[in-house]
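Right after this note come the structures.
Okay, so chain A shows up in both of these, paired with chain B first and chain C after.
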Partner chain A sequence: MSTQTSQTIQFPYKRTLGPVIGRFFSELTALRIVGIRCGDRVVVPPMEYDPQTGEQLAEHYVEVGPAGTVVSWTWVPEPGPHHPLDRPFAYALVKLDGADTNLLHVLDTGGEDTVSTGMRVAPRWRAEPVGRIDDIEAFVPGETPEGPTAGEPADVRTMEFFSTITYTDVLSPTLERYAASMRAGVITGQRCPRCDRVFLGRGYCSVDALRLGPEHEEALPDHGVVSNYTIVTPTPYPGQKETEPFARASVVLHGDEMVVSQQQIIGVPVADIRVGMRVKAQWFPEAERNAAEISSKGWGTVAGFIEGWVPTGEPDEPAEQFMDRVF
Partner chain B sequence: MRNDSDIAVISTAYLPSVRRNELTETEMLITVVDEALDKVGLKRSDIGFSCQGSCDYISGGTFSFVPNLDAMGAWPPIHESHVEMDGAWALYEAWVRMRHGDVEIAVAMGSGKSSTGDPAEIHPLELDPYYLAPLGVDPVSLAALQARQLIDTGKSSERELAEIAARSRRAAADNPRQQVRSAESDVDKLLAEPYVRSPLRRSDLPPISDGASCVVMATARRARDLVERPAWIAGLDHRSEVHNPALRDLTDSPSTRLAAEKAGGVAGVEVAELMAPFTAQEVVLRQALGLGDDVLVNPSGGALTGNPLMSTGLVRIAEAAEQIIAGGRNRTLGHATSGPLLQQNLVCVLEGDI
Partner chain C sequence: MAHEPVAVVGIGQTKHKKRRDDLSIAGLVREAAQRALDDARLTWTDIDAVVIGKAPDIFEGVMKPELYLADALGGAGKPVFRVHTAGSVGGSTAIVASHLVSSRVHTRVLAVAWEKQSEGNAQFGLGGGKSGSIGAGGAFAPWIRAYIRKSGAPEHIGWQIAVKDRQNALRNPYAHLHLKDISVEKVRESPMMWDPLHFLESCPSSDGAGAIVLTDKAGGLAAAADGRPPAWVLGTSMRSEPSSFNGRDPIRPQAGVDCAWDVYRQAGITDPRREIDVAELYVPFSWYEPMWLEGHDLAPVGEGWKMVDRGETAFDGSFPVNPSGGVLSSNPIGASGMLRFLEAALQVRGAAGEHQVDGARVALAQAYGAAAQYFAMWAVGSEPPSG
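Right after this comes the complex of A and B.
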């Protein structure tokens, strides 16, 4: 049996455009396409620098197109969710009239047999242009642009771009065994035969770069001591769920040097957390434990299995013995 | 005669390219480092510098390259570095570092697991965020635009592309570390297959792969004691062009040509391992380099039959080096590329002792 975990990463970018790209996008809102003069050539889309030499270009803009000629193309018979059109289309290199470079864009022709190198195309504009490259929804066959009536250009200075990627991991054999033991409420570590250190769900010793297998595994106690902590005052950003100051603590498992970091301490105000405090794991109910936080690009984590750590009320360990460590 | 400061590749290792490797990237790297060091009787404590190439965007986690550093072990501490590039550029950094004169043995690594994500979803995000990324243009579509221009300008033909695919597949059949090993290799049958993105067919595209690789280098002071026939790095250079492919002549690769000139030129090269994940790119690279028909291209099967991103380029250098270390050749070339449609190119020219 293999466990798949899935993670979606989202990037809500807002980018400043600078003078040259900003001008190009501003002109798009008035249904005009401009290039920039580069020696005796016109570069479209405009760049701040000469594509060959890297020298900065003077802001000398030239209106081009709107029609142009297809220089190369390929047909996308089955568009995916990240493609710009939801029906079969072509990507094309279009040399706009008056330009000396190609523009990479989208062709909407209805069928592959209607596309050819050398064909003439013109832009179909978005109904309400906002100053983005996809204000041109697509190029269409012919000489005549399609779309709304041109108005005054907007002053476009930024561009928002929301991107999202979903990654699917199949857990490695080591992580699979680790997840199974955590589901059963047992922290399992692997002890390195060379240095005697213990690692959670790692498959190797980080110090000695030795592969560690099932023969190196042993059950570890689910209690230990807070060795370090920090109190974080949250600032709002995408993905931040905390609103009040919260603590993240490192817990050294009893009898070992294994540190579980970035842990929540449950049941006490953050002001009462201290180095040396003895804590024990508060496991999620068995039915709620899950491996969603485990991935192949990191190490074993207790997240998804252990909710946090509760003070045991026993006398503290002397704080001094944790003072020379990072975590 | 070699100077003491000359640098050679003395050992290489790479994992079989597979659709999905169940090991983590770090575990894959530990395996190839072990294998490459064992071949020449070295230990991690003998290494003066290491550099890794990998990509967080492909792995899917911020700082996901950090666990990969564990492949060298934390003790004893050595100088180590990472590039968000193919391992070929890690080799470049290690080579530059060795030329300071205080490091005698260095290791370069490359690793990637493309199995965790959809390349058509991830790769548009490596493109220009203003003009290209919002159009969602995937790497296969880009490669098809390049291939059609090559064909329309008379520099290649669909038949030539199919012949490259067939030759690569036949070569891969003899290399157990390649992924596409038993696929059709009859040119007429390949030409009868449908387009994925016209004019490219399945056979013109690389597989999606996981893998990792390791290359060990030593200065002349150590190299001869460790391996009978070191692969001396005669020249190593990399050059790049403007990012946006639409602003380039896609039928030529001036950056490859310049890198090869700076690396000593292709005269006398017997074998070239070119990182051409698409058939048409092999044509562009061959023509840009001016390789004659007598040069054996991609006897390993090449990137077309195994494409573990961030390792593919280092594997080309490893294969070119093994042609000297084990194959007895005298002069070979390894090439790696990065960025959309051959934007950036690295050329490594290797020599054996005659």
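Right after this comes the complex of A and C.
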């Protein structure tokens, strides 16, 4: 059975709209849709540059719609969580009255049998428009817009939005074996038969480009030497948990073999971390070990299995021998 | 078959700032590209192909931005390429564009590189979207510690470079940082961000773009005859190596050494320290100046910092490095490599204004990326390549 791991990342981006797109969104807050004149055509939404010639367009705005004609459409029978409506709907190309281009938007008609090319539609506006494309909740059949009455336009220059992505990985056979070994509390590396270097969960030698399989595996010690480190003063970003300076150290396992990067040193103040300090792994209890941090995009990681590294109290190793080893 | 000589006939860049809130992303790349076209006295329709470079899409949250930007870069009906080689991407973009000309696939190519850091967060992006990101500074700080310890350099070297590049930036109207009262004391006393790197030894986060127009020998000669001397490409090279293996020298990566010597060989350079007049090196953290001086054999191993200490890399020194102010003064990541490459071209055209180095006839530009593992370099000159 293959192991799947899943990771979700999310961040609020802040889009700078510029004068042309900014104007389009500003007008939406007053329930108006504007295009821009491009030669003898009216382009909606407005573009900053003529897509044919590349020339900058003069800011000659033209109000279009609000009603328009469906040019083409596709039905979405089972909306998912990322869709704009929670009931079946159509994505449609709507040619707004006075426009020469089609606007891609949402069509809310109730049923597939009520949609047809050439049908007349009008916007249903959000109760309190904020200057985004979904100020138009959907287009609905008919000639008359639905929703609030128009107020003064807001000056919209930026747009904030969360971007979220979830990755699902199926672990390679190499990482499967690596994860199983780590669950049992043993770090397993693979030794290249040509250069004699050891790699962690990589499945190949980075230097000789040879495939490394089960026959090249060997147990590695779970103690080593701090080869180098940095103390990071956190610069805040959404989702970050660290608020105080934190250390990340590289640990070279057993003399001069594999380096494990970005590790926490446990039990000592960050100021006491030194190159050459001898440390040993502090494993999570067996029941808590998990492979969630292993991904097919990277190599073996010890995250989820080893909490950090504790100084052994033995005399330091000579720093110069190790300090180049960081990743 | 001999390669077509390549001439840089147009150069453009934006005013780099913490936040260009007056422009969309498309508007940002256009500002640089339009300036490059104007400089080349060409129009959008004169361009045969467009090469776009930028760093990870996660920085602004626009996936495959080259698709969205094709309209803004006059790309309709033309080949449009996207290049991505981490921090070296701006340099790689210029090189890919130059190869389209040198291989005679296209005659006039526009290369554009950009980043709008204010729309997202580079630390978040570099950390793979997780908490606890060490960022670029955290990644390079341990190697800087190793360089300092191995070379025996005094700690003021880093502060001195931080001051030098910011003072150079005062001559460059496009630079992001204009720190008029920068001093060694201020750098030393600025907060420790990534031990042993201080805040003022680190690059800023910038919005910005750079662009160049490249053309063939006939186009370059025509520009020269018109009183607009081009920069001639004398050599280009890209090299990479794995980030992590036992025995890697991260202070003087072999890929960087090989990349430099590949450029020197093409350019007919045998003594780079003597034959190159000015260099734009990718120095996002102060200590990378001596590291790259050694890494590209511009100084003997262990002695790059001595060149710095003697003032040789200062604006009026015998080997000026980063007269533009460098990455330490402007860092729109995807564009930062392009800015090095276009500054080198400006210098040999004699068009660098107040940051013009007297007598610059051969200039070296370098960019590096990821775990100091991707390298892009070119040498440009005021005379066409011989042969």
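For this structure, a couple of remarks:
We take it that the second predicted complex is superposed on the first by the 320 of 327 C-alpha atoms of A that agree within 3 Å, B and C clash if a C-alpha of one lies under 4 Å from a C-alpha of the other, contacts with A are read in each partner's own complex, and residues count from 1 in each chain.
The definition used in the following text is that a contact is a pair of C-beta atoms (placed from the backbone, for glycine too) under 8 Å apart; a residue touches a chain by one contact, two chains touch by 3 or more.
In this text the structure is predicted, and so the values were computed from the model without any measurement.
Shared-chain residue A:Gln4: touches no atom of chain B or chain C.
Of the two partner chains placed around the shared chain by superposition, chain B and chain C are both touched by A:Tyr13.
In the superposition on chain A, A:Thr149 makes contact with neither chain B nor chain C.
By the document's definition of touching, of the two partners only chain B reaches A:Thr74; chain C does not. Once the two complexes are overlaid on the shared chain, A:Thr243 sits clear of chain B and of chain C alike.
When the two structures are aligned on the shared chain, A:Ser296 is found in touch with chain B, with no touch to chain C. In the superposed model, A:His82 lies in contact with chain B only, and not with chain C.
In the superposition on chain A, A:Ser163 makes contact with both chain B and chain C.
Look at A:Pro51: by the touch rule set out above, it reaches both chain B and chain C.
Touched by chain B in one complex and by chain C in the other are residues 9, 11, 13, 15, 17, 21, 47, 51-52, 161, 163, 206-207 of chain A. Of all the residues in chain A, the ones that touch chain B in their complex are 2, 7, 9, 11, 13, 15, 17, 21, 25, 43, 45, 47, 51-52, 71-77, 80-84, 91-93, 101-106, 112, 117, 132-134, 159, 161, 163, 165-170, 172-175, 195, 203-211, 295-299. Across the interface of their complex, chain C is touched by residues 9-11, 13-21, 47-49, 51-56, 157-158, 161, 163, 197-199, 206-207, 228-233, 235, 237-242, 246, 248, 250, 256-259, 261-262, 275, 319-320, 323-327 of chain A. Within the complex, the chain C residues that touch chain A are 19-27, 30, 34, 44-45, 58, 60-61, 71-76, 116, 118-121, 123-124, 128-135, 137-139, 141-143, 145-146, 149-150, 191-195, 242-251, 371.
Per the touch definition, chain B reaches chain A in the complex via residues 20, 22-27, 30-31, 33, 44, 57, 59-61, 64, 67, 70-75, 113, 115-118, 120-122, 124-125, 129-138, 141-142, 144-146, 148-149, 152, 195, 197-200, 242, 244-248, 250.
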